[in-house]
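This report refers to the structure that appears directly beneath it.
By letter and in written order, the chains are A, B, C, D and E; residue numbering begins at 1 in each of them.
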Amino acid sequence: NEPIKIGGIAPITGTFAGLGSDTIEGIRMALEEVDYEIAGREIELFTEDTGGNTSQLLSGLDALEIRDEVDIILGPVLGGEGMAMIDWASDTDIPIIVTYSAPEDVTMRRAQPNVARAGWTGAQVMFDFGAYVVEDLGYNSVVIIGQDYAFPYNQAGGFMKGFYLAGGERVERIWHPIGTDDYSSIFATMPLDVDAALVITGGDDAIRFVSQWFDFGMDEDLPLLASANTVEPTVLPEIGDIAIGIQSSMHFAEGIDRPEFIDWAERYQEMFGKVPSAASDHGYTAARMALMAIEEMEGNIEDREEFMNIVRATEIPDAPRGPFRLDEYGNPIQNVYIKEVREVDGRLTNVVLETYEDVSQFGPFKDYPELYMSLPEHSASFPPDTQEEFFELLPEDFLSEFGF
Amino acid sequence: MPDNEDYILQTINLSKSFGGIKAVNNVSFKVKPKENLGVIGPNGAGKTTMFNLITGYIPIDSGEIIFENNNIEKLPARKRSLTGISRTFQTSQLFLDLTIKENLFLAANKNQNTYNIFIPWNKDKEKIEKSIEIAKEIGLYDNFNVKAKELPHGKRRLLGIGQALISDSKLLMLDEPAAGLPAQERNTISKLIKKITKELTLIIIDHDMDIIFDLADRVLVMNQGEILAIGDPEEIQNNEEVQRIYVGGE
Amino acid sequence: MINKIKNNFNSFSFIAIVILALFAPYILTPFLLTVLIRVLYMTILTYSLSFLAGKGGMVSLGQTLFFGLSGYTLAILLISHGFSHWTAILAAMGAALVGALLIGLITIRTTGVYFIMISLALGQMAWAVALQWSSLTHGDDGIIGIRPPDLFGFSLTNRVNFYYLLLISFVLIFLFLRMISLSKFGLALKAVSNNPDKIQSLGYNTSLIRYISFVISGFIAGLSALFFVYYNGIISPVTVGINQAVWILVAAILGGINSLIGPLIGVTAVILMEVQLSRFTDRYMMIIGTVFILVILFMPEGIWGKIQELRR
Amino acid sequence: MLQVENLNSFYGQSQILYDINFELYKNETVIVLGRNGMGKTTLLRSIMNMNPPDNEGSINFKNLDISKFPSYDIAKSGIGLVPQGRRLFPSLSVYEHLTMTHRKGENNDWTPEKVFDLFPEIARRKNNKGTDLSGGEQQMLAIGRALVTNPSLLLLDEPLEGLAPVISEKVIDTVNLLKEEGITILWVEQKAVFIEKVADRVIIIEKGEIVYQANTQEFIENKEVKSEYLGV
Amino acid sequence: MFSPQVTLTILNGLTQAGLLFLIASGLTLAFGLMQVVNLAHGAFYLLGGFIGYSVFRATSIWWLAVIAGGLGIAIIGFFMERILLEKIRGNMLSETLLTIGISTVIADIVLFIWGGRPLSIQTPEFLNPRLNIFGVRYPGFRVFILFLSIAVGTILWFILFKTQLGAMIRAGVDDREMVAALGINIRKLFTLVFLLSAFLAGAAGVVGGTYLSLQIGTDVRYLVLALVVVIIGGMGSVGGAAIGALITGLILSFSGAYFPQLSFSLTFAPMVIILALKPGGLLGRKIT
């Protein structure tokens, strides 16, 4: 019996090395749980580094597929990588389970039969946050400050769709380049006639943004909401105590109060000596999806189409982050958590305030995927600035469902 | 006085200072075609600087330089070179990483057809021949395909002179061609220079009196940036001022 | 005489390599063919540096600027504006050319270490524009989904077809650069970097010679971008960032910057190192960096230089 | 004090000095004569182990072989240099030239103040840049700069170059003063004008070889040598 | 006088200039004496910041972190200068290329030790009061950086122009050989200056890591900004670095406020203009 070969691809060097190594660790954890053996076949893991560089990603994918002849690929991690991968995937039939990479088109407008996703889309985790902000916090107008590229557009888009459909009225947007050092000039020009500010950023930008927000006393003017990445556990300790009280939403939170999650997080901590991130979870979940499918096929995974069908039918009710199954496009339907940064046992933690169950990548449009996909893609200026303009694009019978 | 037409090179009130130092100060002199002019003077008298001014290697402060009845003081160095002035440098200036052949060829070519990238330079038979000829003349043909940096000091000097010779110049300016060479090589150089200067004009700086007095028709003595004396060799040799300033002794 | 044999030896080995390369798709495993494709287009990019640095003494960390100008022009015109392939290709090469014509005016004013610094800064400027001007360049994600055209009925999406087109172009560029280095211009360029004062005094226009070679090199960098973008279907800021600039420098120095064979060897070596080392360790950048340091300390002429030294 | 044995010096491929042998005794002043380009400066550079030239042979100073020392250690062991062409530092003021290198010697103690007493001309221009001075003043400063290192052996390379006669006189007087203080002096010169005023001995270099050594008296009387090697 | 927005933008420009000066002064100093463009300077900044980060985590003493970051890099600088650069001294091109190799290795070491996650050093409370300057709220730490850089500039100026050591360094820039012939250990002087330069880069990393953050990639960004500063001001001139930092800082700040999409690229504009007019930089020597 030949071993089954699994390929993992992620940025292990470069700016996003943190996300990449978390992902690979998650994969390792799942494989170690089964001792690198399943259905009587040994499992070998091959990893490739993308360096955060899309051309390196492509040569890595080539290496995994043609040189190492892997059976399944897990990855990639970054947004741009996902889009480049989908182009590549359309020329082959190798099964791919996407981990952290979150562009929605990977499992939407450009969905491929051989691609499924273990993670999320940017918009998916924001729809309900938009609704929450209106319904629970009572804000009707918001200013969004975000990094100027596709992923934040997508998150803002999800947020705004949920926000408008819950009755929110107006959103202003300020886009700034990735790697901005100084946000004070943005603060200086910021509209203050709104109810709250939402920042959509991540990585080192997040650290700088939030620190400077408080340094410049902006907290005296506006409450600050955040996208999930802004206050994810890896950056939280770097931001420090000022982050306490910031609310955000995601399909993952280190403070999820499920026994499965607590157990999983503890084991991860034991193995790698650090708190798991969403990227760790996605590596882990993707590997588990693969393992479950292999098991179901009793190790005979040579029929790739069949294999993908089984992967796409994955259901994991006891997944660490919450019950998990895939929609017909291959994207998870999962819990989304509204969370708040608090200090728990001397450590900053995203504590879950509210749970929205069974959220699809189409959010409030979950019964109207065609309508969703017929709208323009999320961009710097779509959805429009006001509820009124947005609603003009939607059919009345759809709106009436939301009471408009 | 002969007419201006009779001079190949003429400088009028040429001046150059570096900071406070007047390196060349109001220097005027004339050179006749095919004449051999020797230039001597103490260290720092301004000899090399004067060469640099004439060849356009450094810009002048004031004055005029007339070469074959044209004012050239505004031309850049490479254009002056194209009018037919070539020189050697006090510290030998070669293309050390290139071969003797290439060194000579570049000098022979003088920026002709440089931008035609389609023909290998090796195919320019005429100039290759010429390079070979000169290489034989200066005794470097045996080392034709050796890099210049592998040559000993004396041969490098010869190569520098070879480059000046090959470039079809009307006026040849040599800055201490014999410096740092043992007596025998000095002789070779001296002979070589003598042989070639029949057809062209020469200005030569050297501290070796034997060479100067052997080669020069006239001698120009510089001191502190100014012309101290100019005249035929005997005259200069007997000039007390020159004796005191330059040659030394009681 | 000796020289003649040596020259012929080089031509013979060149022809032998070309013949081998013609059969490569049938000899190599499919994966090694993809490696070979990368080697070829990265070598073209590396030539743009080695020509400038090896012949002209101008070590540039900014060749990615022209790579980016051409690659982004191509991608933007194709994807965002739906231009035809031929228009887009012409415009891309035009952009690289005009860029080199303008940037050259600044850079050739400097030499040596100053040239390195300024080229680095300008290259980073290109990277910054690619990253930050996201309405045009799609920011960090880059522009994706570029598909190569069909050529005389051959689909270039097919790797083997793509390979042959690339091979032909590579050989042409190789011969072009070889022709230049054998021409008077090549000789003059070598002389310019060896002793600029002297060549000036022989009547050559040093600035013009440096300028022209700068433009040629920018153009070649632009050319390599076409292959890169069509093959990968993507262009993004990292491909014009400092890592790429350093990468080609490492490859050129490792192989030997003074010849046309050296960069080919260097690029092959670095790509093989990446491909092989990264399977065993995540720390392969450290190893490549260390190799680079050792080469500079102990083998300044690179691998090819060493080989030739041994052959002599 | 100083013994030079079988010294050969090269600039790259070309040999400048051939088998130089001589000795310098404590507290004497020796003048090295030779025409332009005969290798006098090269000799001093070799003693200081400045690069180029490359040297072969041994140089003993105070019974220590210093030929392989880096030049700053040679200077520290007690050799001061007044270089040809002065080589002042454009970035430093006159005063800084003197304070920068001031260090105490074995028996003498030249301070910047003492230098200013000796050359009041430059004291007045204390805060000017060294290179703003006139040629003669620059020469004084270069001598002063070497003096404050309080050397026991002073190397002078054509110190009278560009000096007016009065100043030359003054430099000569200074050298005699230094001699009284116990400093040994090796002085390189082209002309033989003032020799009897300072020198104990004379060495002549011709094309890189020592062709003549004698005490001053003998040299002055030897017309032949003078005309042969110095063109007098 | 100005609108609050402009006031704020100017203040930011000044603080950015402060940080840039801290980095660029070290770069220019080493170049002035040794003619080495240390392209590992950005990696020094990054590694210094990370060392400071760990020290701060362990001790919570900010000053100690700054000193540790500086010293850590100074030690690395020492070995780099003594073991590697020394081997190819005089070959400027090889020396420069070598520093590129070193920066690659350092960046990977950082990744290995600290992982790829972005890190940030907490601003010490006592250095960060909320101030009100000309009617705008302004964080005290930034004002502190400004004063720190002025202090460092003054100290450098004092060392260079008022001490014997400084005279030696300046003389060494003019004429190394002559300095050696006067009995000054030029080797030691080189090492010392390189250490000082490395110390400044490392300490600047800690300061920068406090009000900005640290991440793989920051090294290149600050290396390039420092190069721009130094090219504008003139290689080797500390005063030039101050002017260059001021120009670059203000441009970064104003373009960030008004043309965010081009903010980084615009910082290159003055460099291009100055190069075209004065290739040696504003206060630099003429390039020969």
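Everything that follows uses one rule, which is that contacts are C-beta pairs under 8 Å (C-beta built on N, C-alpha and C of every residue); 3 or more make two chains touch, one makes a residue touch a chain.
Computed from a prediction, not measured in an experiment: that's the story for all the values here.
Q: Going by the touch criterion stated earlier, list every chain that contacts chain A and also contacts chain B.
A: Both chain A and chain B are touched by C, going by the contact rule given at the top.
Q: Which chains are in contact with both chain A and chain E?
A: C
Q: Can you name the chain that lies farthest from chain E, using the mean of each chain's Cα atoms as its centre?
A: B
Q: What whole-Å value do you get for the distance between chain A and chain D if each is reduced to the mean of its CA atoms?
A: Result: the chain centres lie 78 Å from each other.
Q: What whole-number Å value describes the gap between the mean CA coordinates of chain A and chain C?
A: About 37 Å, centre to centre.
Q: Once you find the CA centre of chain C and the CA centre of chain E, what distance in Å lies between them?
A: 32
Q: I'd like the Å distance between the centres of chain C and chain D, where a centre is the mean of that chain's Cα atoms.
A: Averaging C-alpha atoms per chain gives centres 56 Å apart.
Q: Indicate the residues of chain A shared as contacts by at least two other chains.
A: 13-14, 21, 148, 175, 177, 179 - these are the residues of chain A that touch more than one other chain.
Q: Can you tell me which residues of chain E touch two or more of the remaining chains?
A: 108, 260-261, 263-264 - these are the residues of chain E that touch more than one other chain.
Q: Chain pairs that touch, all of them, please.
A: So the chains that touch one another pair up as A-C, A-E, B-C, B-D, C-E, D-E.
Q: Flag every residue of chain E that touches chain A in the complex, lowest number first.
A: 4-5, 8-9, 12, 16, 108, 111, 115-120, 122-123, 128, 130, 136-139, 141-142, 211-218, 221, 252-254, 256-258, 260-261, 263-264
Q: For the complex, give me every residue of chain E touching chain C.
A: Residues in contact with chain C: 35, 37, 39, 84, 87-88, 92-94, 96-98, 100-102, 104-105, 107-109, 112, 220, 224, 227-228, 230-231, 235, 260-265, 268, 271-272, 275-276, 279, 287.
Q: Help me check something: in the complex, which residues belonging to chain A touch chain C?
A: 12-14, 21, 46, 48-49, 51-55, 58-59, 62-63, 66-67, 79-80, 83-84, 87-88, 91, 147-151, 175, 177-179, 380
Q: Give the list of chain B residues in touch with chain D in this complex.
A: By the definition above, chain B touches chain D via 19-21, 42-44, 151-154, 176, 179-183, 207, 209, 247-250.
Q: Quick one: which bits of chain E touch chain D in the complex? Just the residue numbers, please.
A: Touch list, chain E to chain D: 164, 167-168, 170-171, 173-175, 177-187.
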